[in-house]
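By letter and in written order, the chains are A, B and C; residue numbering begins at 1 in each of them.
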Amino acid sequence: MKKLLISLFVFHFSLFTHAQDMTTLIAKVKAKLDLVTDYEAVGHMKTDVSFIKAPLGKVKVYFKKPNKFRLKKEGGISLLPKGGVSVNMSSIIATNEFVALAAGESVIGGTNTRIVKLLPTNENSEIVLTTLYIDEANLLVRKAITTTKENGTYEMEMNYGNFSKYGLPDKVIFSFNTKNYKLPKGITLEFDDSEKSLSDAQKLKNKKGRVEITYSNYIVNKGIADAIFVK
Amino acid sequence: MQQIVQVTGLTKQFKNLTAVNDLSFSVNEGDVYGFLGQNGAGKSTTIRMMLSLIEPTFGNIQMFGMDLEKHRREILRNVGAVIEKPDVYKYLSAYDNLQLFARLSGIKPTQKLIMDQLEMVGLRNRAEDKVKTFSQGMKQRLGIAIALIHNPQLIILDEPTNGLDPQGIADIRNLILQLSREFKKTIIVSSHLLNEIEQIATRLLIIDKGEKLVEGNATTLFDPAQTIVEIQTLDNFYALMQLKGSKWADMLQKSNNNAILLKVDRKLIPTLHADLAAMRIQLISLQPRNSLEDYFLQVTSGNQHVDTYSN
Amino acid sequence: MWTLIQIELYKIFRRPRTYIAFVAIAALISIIQFGLKLDGKSYADFLMKDIGGSMEIDGNIINGYLICYIMLQLLLVHVPLLVALISADMISGEANMGTLRLLLSKPYSRTELLLAKFFASTVYTIMLLVWLAILALFVSMWIFGVGDMFLMKSSYVVLISQNDVFWRYAGAFLFATLAMITVSALGFFLSIFAENSIGPIVATMSIIVFFTILSTLNIPIFNALKPYLFTTHLISWKEFFDLKVNDSNEAIMGSIQNPQRIINSALVLIVHILAFLGASIWIFNKKDVLS
C-alpha cells in the first residue's frame, strides 16, 4: 500500500516536473514570438482540396498582437479551411489557459523536436487539444496539430528560413479533413453526362485538404492600422 | 400586237381538289383583260400561279415571251400586282411602304417619284401616316400605288374593288381606265362582278370551277346581237370534231362532256340547226341564251352574286 | 441580296415588337442588379454558407463577374423566348399580315429571301446578345467591380483569378450567340409552316422547354439521348468557366477543363443551324403560298 502510494506520488511528481518543463518551454517560445508585435507578409497561397479548383494566388497576411489576423488575396476571394488559417502560433499560445504536457520526442524534417500537448483549462474553449512539435534548440514550432470542437483537426507544418529569429515561418502547410461537397445539378444547371461526374466523385475520395502559404517577405514591427483587420 | 401573257393547259391540283383545270388564255399588249368568275372559280389560284406563288401541277405560263419558271426574275420585274386584300406593313407609313416595295422591285425611287405615285392614288396628304390608320379604300389605293411604283408593263389586280363603297369602286375603275389609256399599261383585273368588268374590259375571260367558259373581245361578247348557244348531243365528242372542221369553228367557245357552247349571231341559229342535222349530229337540245350577262348569271348561280349585282 | 438584307433589317428595327426584347432584358437585368446591390450581402452569405462544411470563403464573391454568370444562367430561359419572338415571326408574321404574297411576287428567289430574312434575324440575335453583354457584364463590372470569380458546380467549386476571367466571357458570349442563333434557326424553320406568329413562337419555346427538361433529368434512358439534344449543347458556354488542374491540384490559369466539349457543342449547334436553314429553304421553295 505504501509502495503504491509512493509510486503514485513519484508518478505525480514526475508529471508535475515535466509539466513545469513544458510550461517553461512554451513560455520561452512565447517570449520569442512576443518579439513580434505586428507583421505584414507577402506570399503565395496554394489550395489543394479535392473539390476546389483554385489557381496559385498572391496573398498578403497581416498580424497584430494579441490575435488580430487577416489574409488578403489579390482578386479578393480566398478559400480557407474553416477557422483554420487564423489559428497561428501566437494565438494558440497567446493565453495561459492551458496545461502543457510532455508527450515524447520526434524528428520533423531532420530536426529533433519535443512533443508538447496543450490542454485548455477553459471548458468553453473551441480548441480541444493542441499538439506542438517544438524545436527546442531554436525555440521554433515545427508542427502543430489542433483538434477543435466544431471544425475538426488541423495540422500545421512550418518551415523556417530568414525570419526564424522572430519565429515566423517561410512556409506553412495546413492540412485538414474535408467533408463531402455536392450540389444538385438542378441548382447548378449542369447537364453533364454521368461518366463525367463519376470521375469527379472518385477524386473526392481524397478527403484530406491542404492549403500552403509560402511567404517571400515579412515586414516586422512597423505598425499596422487596425482598419486593415476590419472585413 | 404583242402577246404579254400566254397560258397553256394550266392545271392546279390541291390534294383532292382541282382548282384550275386545263386553262388556256392569252393577254395582248394594251388589254384591260377582265377575268371573271364566281368566288372559288379558280381566279386567285390562276393569278397566284402567274406570280409564281403557287406551282402549277401541269401547264405552262409565258409572259413577255419568256417562260415564267425559267425567267421568273426578269418577268416579275415587269409585273405589278395587288393580290386579294392589299396588305402592306401596317407599322410603316404609306411613304415607307412605297419606298420599301419599290426597292424590292429593283428600283431606287426618288422622293418625287413616291410623292407623285401617292398623288395619283390620292394619298399625298397621308404619306407620313402609318398604314394601320388607313381605311380599306385607302389601303386598296396604296396597294395599287405599290403595284405601279416600278413602272411595270403588266399590272395584275385581283378583286381590286372588294370591300369598297360605291365611290371607292368608281375611283378604282377610273384609275384602271387612266392607266390603260394614258399610261398604255396592260392590265389583268379579276372580279366576280360582271358589271364591274364590262365597263372597263377590252377582253374577257370567264371561268367556272377552274375551267374556261368564254374568252373573247368585250365588244363582240357584249354585242346584243350575239347569242350564246348551248348544244347537247348524244355524242359531244363527235359533234365537236364535226364543228371544228366546219365554218362554225371560230364561234366555238367551250366544250365538255355535257355541253358545247357557241357564240353566234341570233339570225344564224336556224342555219346552225340545219348544219348540225347535215353533219349527222344527234341533237338533244339547242338552247340560246339571251346575252353574256344572262349566261354569266346562270353559271354563277350563287345568290350573293345576284344580290350584289342588283346593287 | 444586299437590298433584301437591308430591307429585312429595316423591317425588324422599325417594329415596336423588336424593342420589347431589348427593354425586357434591360428590365430583368436592372432588377437583378438593383436587388443584389441592395441585398447582395445576404445573397452572398447564402451562397457562401458553407462549401462542404469544412471550407469558408473569405472576401466578397458578389462582383461583376459572378453577377454576369448568374444572370446568364437565369436568362437562359428568357432569351430564347425573346429570340423566338422575332425569328418565329419572320415568315409567319408576313403570312399573317398578308405581305408574304406581295413579297414573294417580287423579283427575288425564295432562297434569297429566306437567306436575307435569316441573316436579318441573326443580326437581331447578335444585337440582343451584345445588349445582354453590355448590361449583364459591363454594367455589372461597373456597379459591382471586378475580382476573382467563385463558382459552385455540382461536384466542385472553381475559383478563377480576376485577370483570367474576361477572355472567358468573350468566349462565353460568342458561344451563347451561336446557341441563340440555333434557337433563332429553329423558330425560323417553324415559322414557314404557320400563318400566325403565336404558333411558331409557342412551338419553339415548347420544344426548348421540353428538350431542356430531358437534358436536365438524370434518368438513364434519357441520358443516352442527351448528346443528341441541342438543348444539352446550348449551355456549353459554361465550359469556359472550368479550369484544368495540374498534378498538385492547382488550377492552371488560362486553361479550360473541356475545350473539346465546347468544340463538339459548337459543331452540334452549327449542324442544327444548317439543318434548320436548309430544311426551311427546301420546304419553302416547294410551298404554295395561299395566305
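Here, a contact is a pair of C-beta atoms (placed from the backbone, for glycine too) under 8 Å apart; a residue touches a chain by one contact, two chains touch by 3 or more.
All of these numbers come straight from a predicted model, not from anything done at the bench.
Trainee: Looking at A-C and B-C, which one has the bigger number of contacting C-beta pairs?
Mentor: If we tally the contacting C-beta pairs, A-C comes out ahead.
Trainee: From the C-alpha centres, identify the chain that is farthest from chain A.
Mentor: B
Trainee: Compute per-chain Cα centres, compare each with the mean of all protein Cα atoms, and return the closest chain.
Mentor: C
Trainee: Please compute the C-alpha centroid of chain A, do the same for chain B, then give the distance between them in whole Å.
Mentor: 97
Trainee: Which whole number of Å gives the spacing of the CA centres of chain A and chain C?
Mentor: The answer is 47 Å.
Trainee: Taking each chain's centre as its mean C-alpha position, how far apart are chain B and chain C in Å?
Mentor: Inter-chain centre distance comes to 50 Å.
Trainee: State the interface residues of chain C toward chain A in the complex, per the touch definition above.
Mentor: That would be residues 50-61, 63, 73, 76, 147-148, 150, 152-164, 215-216, 218, 223, 226-227, 231-232, 235, 238, 242-243, 245, 248-253 of chain C.
Trainee: Enumerate the contact residues on chain A facing chain C in the complex.
Mentor: My answer: residues 46-57, 71, 73-83, 151-152, 176-194, 197, 200-201, 203-204, 209, 231.
Trainee: Please name which positions on chain C make contact with chain B in the complex.
Mentor: Chain C reaches chain B through residues 3-4, 6-7, 10-11, 14-16, 97-99, 101-109, 286, 288-290.
Trainee: Residue numbers of chain B touching chain C in their complex, please.
Mentor: Against chain C, the touching part of chain B is residues 14, 48, 51-55, 72-77, 79, 81, 83-85, 87-92, 96, 100-101, 103-106, 146.
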